[in-house]
Amino acid sequence: MDRRRVQGPETSVVPFPLLDDAAPGVVAPPLQAGKRAGGRRPEDMRPIFLRTGLISQASGSAYIEMGRTKVACAVYGPRQIKKQQGFSEQGRLYCEFKFATFACKKRRNHQRDSQEKEFSQVIVQALTPSIRLEKLPKSVVDIYVTVVENDGTASCLAAAITAASTALADAGVEMIDLVAAASLAYQQRRPEGDAPTGENTREAGAADLVLAQMPSLGDVTHLLHRGPVDWAQMSRAVEQCIDVCAKIHAVMVHSLREHSAAEQ
Amino acid sequence: MTSPYAFSAETFKRVQPSEYYRKFLEQDVRPDGRAFSQFRKTILNAGCISTANGSAVVRIGDTTVVCGIKAEVAEPTLDQPAAGYFVPNVELGPLCSAKFRPGPPGDLAQVVSERLRKLSEEYIAFEELCIEPEQAAWVVYADLVCLNHDGNVLDACQLALLAALKNARLPEAQIGEDGIVRAGEAFTRAITIKRPILAATFGLYEGRSLLADPNASEEPLLDSLVTVCVDDAEHLHAVWKSNGGRCSLEQLQRCVELARIRFTELSALLESSAADQ
Amino acid sequence: MPKEFEPSISEREFVQAALLEGKRVDGRTPYDVRAIEIHLGPEYGAAEVTLGKTRVAARASATVVRPFPDRPNEGQFMLNLELSPMASATFETGRASEEEVLVTRVLEKAIRQSRAVDTESLCILAGEKVWSVRVDVHVLDHHGNLIDCATMAVVAALLHFRRPDVTVIGEDVTIHTLEERNPVPLALHHIPICISFAFFEDGQPANHSCPCDRLVMDPSRLEERLQDGDMTVTVNTHRELCALSKAGGSPLPPDQVMRCVQLAATKGAEITNLIRKAVQDTTSRTRPGGGGGIGLDR
Amino acid sequence: MTRRVVLPGETVDVSVTSEDIDATQPVRLGPGLRQAEAEVCAVRGGQLQAQPEARRWWIESNKKRYVPALGEPVVGQVISRHAEEYKVDIGGAHSAVLQAMAFEGATKKNRPNIKVGALIYARVSLADKDMEPELECLNPTTGRSEGYGELKDGFMITCSLGHCRRLLRPGAAILRALGQHVPFELAVGMNGRVWLRADSVPHTILTANAITRSEGIYHACRRLVKQLLQQI
Amino acid sequence: MSSSAIVTPGQRLGREHQYRTGPGTYVRNSVIHASIVGTREIHSAAEEGELPTISVTRGREQTTLPQVDSIVTGKVLRVNPRFATVAIMAVGPTACRDEFQGIIRVQDVRATEKDKVKIYHCFRPGDVVRAQVISLGDARSYYLSTAQNELGVIFARSVAGVPMIPISWQEMQCTKTKTVELRKCAKPM
Amino acid sequence: MPRKDGRTTTQMRAMSATQGALERADGSVRFGFGDTQTMCAVNGPVEARLREEQLDRATVEAVYRPIIGLPGVRAKEIEAAVQTVAEASLLAGLHPRTLVQVTAQCMSDAGSSVAATLNATAMALMDAGLPLRAVPAAVACAISPEGEVLVDPTAEEEQCARSQHVFAFDNTSQEMVFCASTGKFTAEELAACHDLCRAGAAKVHAFYRVALERKLAEEGIVA
């Protein structure tokens, strides 16, 4: 009984689809002639829209759209550490990742579940190597990410990392490099760039990969791979992600320049 | 008598907000250049989220609110067996402003949610949300996420909520003998809205000047906040006056007139957004 | 939120000195219970009990709900107690204070788990509709011994409460308004009453004489803050012992415990009669209660 | 002596009404009245009292929460002890500071040794809404303790501030009635706390109950004391 | 200002032996990279024979943290006999979005007669002070000092709520009621 | 059309108030319109937590508890109303960096419970002896389906009303300090409700004075 919100019924369910005998169960369209559902080639990447500075209240912010995946990210800080964790020469990063309740096919809960907490940790791990924390003694930089629409959970995580890094740059936090992240889902035969629809793409045997990289310096800051895949496919997938990261990095640079020029 | 110490404008605004603001109001202008009764630029686009049954994004100035509608099915309550549910909730998280802390909804979020729920009793047709009396009814969850809080979040939420409801489509559902509800493939059924109701909020500065659509830096300096909700037939549906200042009946009636003008602007926006679907 | 400081040394020493002479600071003898006042009404199930200056209000209400799947022909009974800053400035809203958890636990054991309310009688239509009775307890003024005062308030509210009469013909259920049919009281198996004791060591652990003479019934706020141990005995009208909780504190010889139970039994009977009498002469005067009584409004 | 009951917010006319009052004397506003630009308005509900000749106006009303004011005697409880000072709870919004040196004849070497939890009778030496209140256990003019200092054993009760003010007035009815039957010592603080000590436990209990129960009674004090005497 | 001249973090600016690194840049295996988004600026060295310094400056104000020796402007929140608590609202000329907490210990209020300082005669809650950060202090607050003439109270309201003007280094006068209040004033610049 | 309990449309139920009912609270009042009773307790100025401390004024913390059920979002809106009345009356600048706790407990709801809560709050602030610049008085009214404006409505009148209004007025300037009107009504009806409630508020202010006189007599201040 959550008394801080308007109450609905205790339990509510999504109605079952009307199984009239004519149409078979809706199955993901098979791969025809190398094209995917969205008409994209396996290695193609969905169109990206990245805009900084949309959230005026934040120190820095970024809004990203990769195809239908939409993620908003705000950075507050560097500011005083509220919780008493003792003196620290180094700054700290704190992240809260949240899917909006309407973001996924199945309605999500208001409270953060374990997956969202895990993603918050992943974002902090992916970004910490790139931030010059020694320049921010006794302070914390808070990153808040809200997914407005989820078209592929792996792609949401990648978009969130990219947006968070852009927002940190927009906030003027000193960093050694931006961090671009790309996601990828394996079909049985060939890896496909940029995991498409279906938030839990992990049907039986399917695997996906999220790779976060500092493009200018070339170092990989975070790699999350789930699902069984043989080694050869894995290495090809990593290269493919590196290329996608380069493209994403170009978009990040462009939007940061656009916004800071407009700012003058 | 100006103090001998010079401040940069930005520091003066942080250190002495009320002084900074009073200097502008003395020249009948607001820091962001608006006239007293002028609302900020309002942008509305509906239906931009495919995973929701209905959605809308509203920007009033910098205040940005995203509303998503998700519909599910549940058993109706025993004392109202033939009515569905409408559950609006506002999230004012740490993402939209530095003054909100992580965790469950704070006081402001809860008050806005309660006001949206109270208003919904005037325009939602609850009996049409019932699929089968005493057995099954639609639960329309309307969740509003504020992406940027630059003041006057209630007006933005009500507009986003109405636009999302207009944009929402539910599947045709019926209940089988086995008591299980099944829904059709096509999302065709609309949610009927008896009458569009929209909110307009005003602030009173030192009991005299009436300021429309106060932003985040103005809100703490105003000693009264008046919100008026009107519908298309010039009827009023809610008048709330909060904060400790005093407000005369004439000022209240002035707010009602301005709210009516604001209603025409917003309902035009509402129609155009629904049209281009 | 001001913190509540420990009592001063003078107060502690004086209370112990007075107890040595069998006297208490507010003029009572060790086995005196403070004056009890019971106000009932105007709606059914509204009770307000003062024990000395401690004041607790309880409100019983009933709504029609679907039964739990595993117990289709049994109604529900819920108790809720929350300490607000009204009781004392040291309580915060939001986080439950340790005292609130303690009082709620003892109340649950005394009333709910001892099956005081007969939930079978609350069934309207097995598997479909049952009565869900809830009692909300509000502590208005905290002057010590919340447990006893809260139990009395809950019991008085339950005895005074009337739910609307219901007729079931086959499947359809009609709930009569209070004007059509006289409302029906709740069926209670027994009436539990809590009697709390506080006891004090005499300060000289060396000659550890039995603390029998330093045992007080119905401790005041000051005695509660100075006590070295406490015990709550829950008895009912059939002279049965429903619950006994002696949570830590200084050890007590067994004969002392039995003595307390005897004292509690006699005192409990007295209090039960007091409540019954109060309920009898108010129900005749209570008006049906405008809608609020049975909590049917949304 | 105008005697009307005023609600907060109402204005009070403090102008001179008759000639023989010297209009140049400054108007002194007591508790409950405050100057707002031109006029004087009430900030508390109560009965308006005045001594027009001394041009002193105030509002008589009762309160329970103490707000420190300069020079008022208070009964405090030591809540913590530091090298140079004690922190004392006086029932107000902030705990007060009592310097270890603020005792009669205190020197660097021999200073009173007061334990945490002890009661003290002290005078408010600093009271300002922006600062922590400070106490001292001596009369600043004479440097003597004059009753201030640590209060050993005895007992302490709390009652309303109005009742304490009446107890401090010479010839308080309840104290005179008690005095005929019971020898006792008393330290009344303006912060609603009264420390008392009598020769025996029953007498102390009698005194304590007599004072708490005499809150609203003025004439029947003697009858109240007799009742309590039988109960011993 | 064409957007091409703007550099983003990680962008190579040159080799180590070409420039000296100024703010907004860093060196990694002998290559100079930008560390913030901003415009690249090259300042020729003061005396020749020195390398020119390269730096990146941000258009919008750079949210700086209080560092040791930076001059900060803040508002006094609380005053107790041992220290005054200050909410730092601006570091140097730039106002910071979020307030940092700093304290002015009684021994850091002024340079002369450190032990006879009565803090109530120097600061009152609501005063705006200009102070210097003397250390990063503890986990909760920075340590500030006003032990120089141009540091101290720069704006204060009298009990009557009217802004006061300084009449000496330790007195301020209310313009309406002419009452004099004690403050540790900063020397007007 | 006379009302069920025989009152005319502009007649309010008898008001009742007991002051100082609670021992521990600094100020406590049980205020009632007929059977609708609300208890309000005020503690202050007390110590504030560092997080909620304000440097130039006292922080007001309002809590509202319904008589039945857990306090939910509806209670939070009433808390905002109590906060408004407290801020309209309290001179918070005189006690900086302190906390004033206002806790309202509904004892029984027989119609216009929010108005009773706001009046109990104003009287409790006065009973606590806090410095106030005004004592607001609140009155509720409802417009019946037939369009009649009923002052101080009972629970049934509220349930079937077309719209419900609560207004609170300042005792010095008779200007509105709080208003919460919901339902379906016209601007003219709003003005009618405003004036009707203002007349009712004058009666409540008179009642405050009578109650204060009774309390002073009980405490032996009025010799």
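For clarity, chains are labelled A, B, C, D, E and F in written order, and residue numbers in each chain start from 1.
Heads up, the rule we're going with is that a contact is a pair of C-beta atoms (placed from the backbone, for glycine too) under 8 Å apart; a residue touches a chain by one contact, two chains touch by 3 or more.
Note that this is a predicted model, so its numbers are computed, not measured.
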| item | value |
| --- | --- |
| If a chain touches subunit C and subunit E alike, it appears here | B, D, F |
| Farthest chain (mean CA position) relative to subunit B | D |
| Leading chain pair when contacts are tallied as C-beta pairs | A-B |
| Length of the line joining the C-alpha centres of subunit E and subunit F, rounded to whole Å | 48 |
| Inter-chain centre distance, subunit C versus subunit D - centres from mean C-alpha coordinates, in Å | 39 |
| Whole-Å gap between the CA centroids of subunit A and subunit D | 65 |
| Centroid spacing, where centroids are CA-atom means, of subunit D and subunit F in whole angstrom | 32 |
| Residue numbers of subunit E (touch at least two other chains) | 75, 97-98, 125 |
| Sites on subunit F at which at least two other chains make contact | 43, 46-47, 70, 73, 76, 89, 96-97, 99, 170 |
| Which chain pairs touch, all of them | A-B, A-E, A-F, B-C, B-E, B-F, C-D, C-F, D-E, D-F, E-F |
| Residues of subunit B touching subunit C in the complex | 75, 78-80 |
| List of subunit C residues in touch with subunit B within their complex | 63-66, 129, 296, 298 |
| List of subunit A residues in touch with subunit B within their complex | 2, 4-9, 11-19, 23, 54-58, 61, 68, 70, 72, 74, 76, 79, 96, 98, 100-105, 107, 110, 142, 144-146, 148-151 |
| Contact set on subunit F toward subunit A in their complex | 70-73, 76 |
| Parts of subunit F lying in touch with subunit C, wherever the complex brings them together | 21-25, 28, 35, 39, 41, 43, 46-47, 49, 61, 63, 65, 67-70, 99, 101, 103, 105, 107-111, 154-156, 159 |
